[in-house]
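So, here's a batch of structures to check.
One chain, chain A, appears in both complexes that follow, with chain B as partner in the first and chain C in the second.
Right, the complex of A and B next:
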């Protein structure tokens, strides 16, 4: 699902583009700081009944899950915090292996057994409810997740902030390239929400796949869609110029309203309603709103940032 | 079972009647999948001047096509994770056979015939095991599935025939599962490799790139056995290593060029007709680069938006782009044809 862009030669700007500063100061840095705070609270908990702290940390992660460049991509940090999707079931297998180990070194373990998605199994899956060593492992994974979140945040503040803010370096030759990176994060995030968070449980009409929903055990599946759309809207509004802003906002609100309409269906939290024809239509409509939004951005916002998505460059193999 | 009808068909095919050849399909020099302006997909035969010789409708977006070495038949693969391929009669567009993957497999989009054209080899994913397979199909017998063996890696993409009749396979190393579409599942632990495999499935040789995030994807083979390798970088762009290499069986990979100049992504690769040059394309960078096959030095950098297909022509090479253009690298990359089509990833040489 990762995709790409043909970068047109764009005019070099004489002055720093204010959108980069705004994106850093009001979107990227505060959201990664929130993730560090949430994982700190999770790690500091004195019991293993940390469902509430975990929930706050999961919300914080979903809000940055589209920012997959720079600090998150070093040492597999993002994977170590969030290993999903997992169609082969590597997470429960890794957890089972960690539970048989006396003093497992989480930071050396498979990424499938680390982070917030692994913790969700321990906290919410009945298969792990009374298993020996569960409490210790929850605490160990929480500590490891906090260290990972802290590493990402520090790397952003100490290094990558300057890389993105003061372009003309090896990574971003100019502000246009930095804006293109942010735009790519925005559209990749929308694709992930439509293809993975919604597309996986939807499956096909004849074969819905509710068991494939993200964080279904904790009932966060639908809320993750809403949280991601809210965060992506924040970034989109920063990138959109004054002219596009009302349109961008209206389209995001349409999608978020549809998520609200799905939420009004009883039992929608884990998206298992995709099996019920009448309710399924609402989830499909939500996915459709996200797809339309994505198409609108690539048609109207992308070109404005010098991003033309070509037939081969967009989707190669 | 040898029926009378089958026996007669065998007689016919063995030369007692005129055997159809590529000349009957207008003698195309190349095949390429394309998207039409109305959004439908087609397979097109192109001649050496980039002009269209035939077009056949496809049911969905294709990836690479494979040309039968003698008969005017093309195998068009659905894009991964597609589970079918169609064998087309290029004289009239008839669908001669449909290849359906066995349960639990999907195609990766590439395949190759043996030298006689009797057997077709396809790259496939045994997706529950997360292991690559090479599927065998009997082209003498309606493309019946006759077996499979390990690709000796994960995520096999391109497969080519070596001059000695063995196979060379690009195991990209990336694990995917149809349940998650094209989402990459194992970037932290991926192990790409280039594997040489005998047609009975025995591994003859294999080599890994130095950087394990360099997914080996596309191949080209020179008649003397030199293999050209195109890779795609899965890490941060700023860290991209060389993504082009040549390899001689039994030796180490020889890296060529700079991956960052190719936006971390090689889309296609081909040796020139005389083998002296090696070209790679990157639609993401909008660039084709031509190297000296012997020294590895860069001869030329050609900027063309959305360029991806590349194949040998006479002593040189042709390029195709998503904007419908055909360029001749030999003639200072001049545009030799323009079509109202988006050429898809690969330009495939007809024998």
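Right, the complex of A and C next:
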């Protein structure tokens, strides 16, 4: 009797798809914890020579920058930590306004004046090098960024972990919807890297746009591509079944190798090499690898997971 | 405007349950509503054109106000067509000429000193073509002594490959009618004097003849562009043919348009970004302060496409078999969820519209620390996001288990979707 009862219950009991558990335990939670740690170190720094701490925090951010759902989207936290791209140049304008303010309330300010991308201007742009109030503002923004990172991490641990892990709730009706969220994070991350991190500086052949490269002032533009691909590979391998795994891995390695080949070009760190015809080809090839990888996931991984492509924030203009 | 549909590529598999017939009817309604909406957009744009002809021939405050009223009326049907973007390549390729936004208006006419000059992103942000009949563009000498639709469309629009160089469409006309809104987060829209179109010594801010010439050219171009799009949705039109050619692709286009407009475009680019940046310029109709209506009629367009019923500007109803019927046939609870969420969105957008019409303008809502304004706008954002989740569920629900989702043309070959 007891046995039959258990047997009857089994189909309706919710056991998380193991891939969701693994994604949470080995990808999402540790990477957001790393972001909190890195921003804590940045906020704790006692001088405004924080280039190294900033660099570690930026690396941690890029590694989670594809996880744009749930806790990152509450109160626009992710935007407050990382506002980019900024086609209208709102970041230097917001910083200029904050610098004239004696006691700026960073957490109420425009997202363009907050977070790691705003800090990059203060740390690396010559226009801000000797400006009055720079040091105080660096410390204020670092504190605000840390609080934001902490809020994201706490929200994941206290709330959203359970939402994603134990589906059958208002947000995820079932595991398929949770897997779709993860799949969408993966594909949107790849789209962002090819369209924004690479596509923006590439511009067109006749009109390259090196000034539009992500974090070009600190020379992180190319490294961000590599860091994002590495993190996305981690997620892709969690989602891929045994059969797809070798192929997924091979394709990611191909793209990451190409990033390495670009890195061997002198002066490639800020991707300004898009202006040299000979070097530009290597960057275009890198973008092509990412586009192929994206198409492959769409054709093979999506159906394997039984998910649709879905909509994302890049769908607009 | 972005020319690829990279991330929008919904793939879609028509269920066997409601084979042929019904999907054809749904698509037919969809195309009929498109035709009616573009016809209404054309009719109201022609009214605008007539009002602008009167303004230029006989400049006066009353005639400027009449042109502004006509512009506002023209936006009502046009915004409801935006749900046809993203899914339909013919619409998407064309849309940038008609409704491009945001714009660096200094390209077109004089601006306030606070606007600044050329930027890193745009060397021509302050070109002021109305004051400069000749200039150099990307190393080429440009002759703009005569401002014609061809010049605006062919040379000035998206000059130097910069999207913010918007030379044509509703928002260029809006700027020429209202001027910059220099009130920041305070009360009031752009306040261009009618004398900017006056002749002889009454002319203010110089070059009134060229300003009138520009306004006329932009409006004529808008009318011509809308005429072309009406034809695309006629019985023999290309956009209709594309939709009717393949049921799966047609239904996918419908849902792609609904979801992409709701989420990435309106909730993201147009609403949330403004709240986050607290920038009074980050509103879709920043000169006329008509943004509450832009969002409202975008939302209404999504709802009436789903329900398969559009009430024309003259009151006639165009309706027929709908996506709602189709979803109800597969999963009635999901249809109810979708209807509820569309209604919820319209209530939220209605709240923004009502507050704005009662004096709490959209740019006031965007001010840093204005909690009520932020709540109003974020209510709309969240409702759009919620309805997008339901659209995703519809895409999944009307698909058939076990049939592989196909790769998308737009991913494999970004150019293919526009062929």
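We take it that the second predicted complex is superposed on the first by the 292 of 317 C-alpha atoms of A that agree within 3 Å, B and C clash if a C-alpha of one lies under 4 Å from a C-alpha of the other, contacts with A are read in each partner's own complex, and residues count from 1 in each chain.
One rule holds for everything that comes next: contacts are C-beta pairs under 8 Å (C-beta built on N, C-alpha and C of every residue); 3 or more make two chains touch, one makes a residue touch a chain.
In this text, all values refer to a predicted model and were calculated from it rather than measured experimentally.
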| item | value |
| --- | --- |
| Most chain A residues touched (candidates chain B, chain C) | C |
| Which superposed partner A:69 touches (first chain B, second chain C, both, neither) | first |
| Which of chain B and chain C A:88 touches, first, second, both or neither | both |
| Touching partner for A:204 - first (chain B), second (chain C), both, neither | second |
| First, second, both or neither for A:312, with chain B first and chain C second | both |
| First (chain B), second (chain C), both or neither touched by A:303 | second |
| Contacts on chain A seen with chain B and repeated with chain C across the two complexes | 76, 79, 87-88, 110-111, 195, 212, 308, 310-313, 316-317 |
| List of chain A residues in touch with chain C within their complex | 76, 79-80, 83, 87-90, 94, 108-112, 173, 176, 180, 187-188, 191, 195, 203-204, 207, 211-212, 291, 294-295, 298-299, 302-303, 306-317 |
| Residue ranges of chain B touching chain A (in the complex, touch as defined) | 35, 63, 79-80, 109, 128, 130, 157, 177, 179-185, 187-189, 217, 235-238, 263, 265, 267, 283-286, 305-308, 321-323, 342-345 |
| Footprint of chain B on chain A - complex, ascending | 1-2, 4-7, 69-70, 73-74, 76, 79, 85-88, 110-111, 170-171, 195-196, 199-200, 209, 212, 308, 310-313, 316-317 |
| Chain A-facing residues of chain C, complex | 1-2, 4, 6-12, 86, 102, 119-121, 160-161, 163-164, 259-260, 262-266, 268-270, 272, 275-279, 368-369, 388, 391-393, 395-396, 399, 401, 404-408, 411-412 |
